[in-house]
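Take a look at the structures below.
Heads up, the next two complexes both have chain A, just with different partners, chain B and then chain C.
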Partner chain A sequence: MDMGAVVDNDVLDEVVRMLVDVIGEDFLLDVEVGRGTTFNEDLAMESIEFVALAERLQQVYQGRVDFAAFVAGLDLDEIMTMRVGDLVAHIESRLTASAA
Partner chain B sequence: MVYVQATGARFHLVELGPSCGGPVVMLHGLFTGSAASWYFTAAPAIARTRPVRLIDWRGHGLSECTPTGYDSATMVADLNELTCDLPPFAIAGHSYGAVVAVWFALAHPGRVTRLALVEPPFSPAPDRAVDLIRVPTRCTRMLLERTSVLHDLAAEPPITESELGRLTGLPVLSVTGTRSPFRATAQLIGRALPGARQHLLGGGHDLHISAKARLTPLLREFLAATPPGEDVG
Partner chain C sequence: MTMVRRAKMPTLQDLGVKNIAPPAKRFLFVVPPLTGHINPTVAVGAELARRGHEVAWAGHPEVVGPLLEPGSVLYPVRDEALADRLETARAEWLGLRGPAALQFLWEEFLVPLGHAMMPGVEAAIEAFRPDVVVTDQQALAGAAAARRNDLPWATSATTSAELTDPLAGVPKVADWVSGLLAGFQRPYGLEAFDLRFSDHLVLAFSTAALIGDTSEFPDHYAFVGPALGRPSGGTGFPWEWLSGPAILVTLGTVNGSAGERFFQVAADAVRDLDVQAVFVAPDGVLIDAPPNVLVRPYVPQLDLLPHLSAVVTHGGHNTVCEALAHGLPLVVAPIRDDQPVIAGQVEAAGAGVTVMFSRVQAPELREAITQVLTGDAHRAAARRIRDSFAAAGGASAAADRLEKLT
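Now for the complex of A and B:
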């Protein structure tokens, strides 16, 4: 079994559940969210919805994932073009680091 | 997610940073602003060393959109309730957030330790405040169509040189953009508060976004814990 793939899907599934909470199921009906999905263009997320997503990340992953610190290191263009896969990869790297 | 019921509305707050250290409250501007205005710009850097509270004003971000209450007196009351659990704190305010910050500091002088004003619109405004809105959000449309915000802004008393002068003794930083529609505010602050630190950065009214790389360290340094009353001439 490829344990890495299992962990990846767990995090992706969790992020998709949070997205449903934040922007509502109706908005996601026509979009299949995957790693290549962009928050801004594909999901039309407004910046405050991104903050709401960050707050849910904080609730679920506690101190293991610091989204504010993550975005502090990015310029605004990078934030605007961020894909779901970028966020999932960041969460995974933080979870791996905190488990080590 | 932090929601607080205060002054007749449900407000959304964002808390960042450690629990110890002198707190900083960051206030966004009207219409396109929200807690995200600071969350994606200067707030995370400031929150490395001190607690930071971001407020969604009524009708903005995830706070309740009330039909009225967008005048500075109501928003000062909102801010008072939304910070009643904090010891004296520093404020960073962008645009109308800077207006509320000044009125708050005048009304509650013992509660504010430092005041950072980013693009303060104290000088005569453009004919239509809505002209500053480049990318309307769902929230902006609701505000303009269903609330008294434009009426409240039109009826707002200006902040005068004499009122600003009453802030003497409070460390004040003012940052203005080279393409700001409110450039004259810098002269007003200079006359009223000659000890205030003033900076001019390349950019327009959205200075917190367009000049993020230069503004963030300025704010971080200024908002660092310093005994109230320090001379920052």
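Now for the complex of A and C:
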């Protein structure tokens, strides 16, 4: 890795762990989950799974990340095309903000 | 007793009835071409007719006609161009879920359907001269035409999902729906109004026992419980096949072939269970069905439910409420639209468990079925809901409220 541009993947790794937890390992065998993975098309997330993901985000990040507020800011197109990276970027920005 | 006295009809007062029946009124039901949305109106319409009122329907004859009681009055609402598109649309819709299904529902189905139905509904109003229009929540034309004609109108909320404001968490999506509704009404010279909710009467075919606290709703929301009592259509079912505890596995009237994987999983799930299972599935969808599984493309569901112990369903509102009206616990595998909301209601009420439609495997589904069959808690909750439904009055309560509208 080019040490001049270290990418901190802690949040991505955490989100992927949650997704494995929520969706189940069996369904992610063929999918390499990364920032470009879409929730709807690639992961075929069920609405119940979104709720489960929100609960895990709440557990892990407590009040620092508000998934409901994040989703509330999205329009239908954004929801349909939302990628893992969008959520990760949101979490990272919230963590940076709360650390500042 | 003299002949004269014998010939005299007793009046209602003679019979001890204090309130004389109100004069007959005319009720027009406006329905979309969706079985689940038509069925409750059939029961309510029959009750109104029994009370001496004039009742008619406006809808697509090829879908609505077969569901009505023989002799019912049906004003055909048909648009050839849309009819062709509906078939294609339905096929496309079956491949969609989540937000994509929501977008498709509004942009490709509800709004075009509303425009296509508008001339037929206005013609039906002109011809039938109803005192009240009862319109399904998804038949926008019924609400718009009633408002244009200054008629009292009621919303028939076939599913209770919209009442719980499922888009509250996504305000931009809720605004998008409002925008589509406003755009729909503009060509008819109507001010923007939320056509999903009548300001006269909203009939909700559920109760607080299932959907949760309803005390915050205004008085014109009537939670009447399911309106059952449609024609049974119970011929041709091999009743002799049922020999012990049995469950129903159904994905409703529109999802049949899209549920191929689920049906296969469900067949594997019940294979080793000591229970019979009636699958409502199109021919050819299920290969190698075990001997305790009966596959039928259609079943007389209301006649079948009293013989069953549990129901596995996609969470269509009618099937869920019909099962609960019989005190049966549920396994719900929601696919799209309102189904995740209804599944959530069932789980929160304690009357069943939810599984993931697209991911569930046989062991998990077997466990879920076993749980609702053998545990007492789910059955007890289902019976509580059954009792609340019975107390709510169903079609009779709906008719009471509709009579007061005129």
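The rule is short, and it goes like this: the second predicted complex is superposed on the first by the 92 of 100 C-alpha atoms of A that agree within 3 Å, B and C clash if a C-alpha of one lies under 4 Å from a C-alpha of the other, contacts with A are read in each partner's own complex, and residues count from 1 in each chain.
The definition used in the following text is that contacts are C-beta pairs under 8 Å (C-beta built on N, C-alpha and C of every residue); 3 or more make two chains touch, one makes a residue touch a chain.
Since we're looking at a predicted model, the values are computed, not measured.
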Side-by-side fit of chain B and chain C on chain A, or clash: clash
Partner chain in contact with A:23 - chain B first, chain C second, else both or neither: second
First (chain B), second (chain C), both or neither touched by A:31: neither
Chain B versus chain C as contact partner of A:68, first or second or both or neither: both
Contacts of A:45 with chain B and chain C, given as first, second, both or neither: second
Which of chain B and chain C A:55 touches, first, second, both or neither: first
Where chain C runs into chain B (options 3-11, 129-137, 237-245 or 363-371): 129-137
Common ground on chain A, meaning residues reached by chain C in one complex and by chain B in the other: 46-48, 68, 71-72, 75-76, 79
Touch list for chain A against partner chain B, complex: 46-48, 50-52, 54-56, 59, 68-69, 71-72, 75-76, 79
Partner chain A, residues of chain B touching it in the complex: 1, 14, 16, 34-37, 39-41, 43-45, 47-48, 56, 61-62, 137-139, 209, 212-213
Of all residues in chain A, those that touch chain C in their complex: 23-24, 26-27, 40, 44-49, 68, 71-76, 79-80
Residue ranges of chain C touching chain A (in the complex, touch as defined): 97-100, 102-103, 169-173, 176, 334, 340, 343-344, 354, 356-359, 361
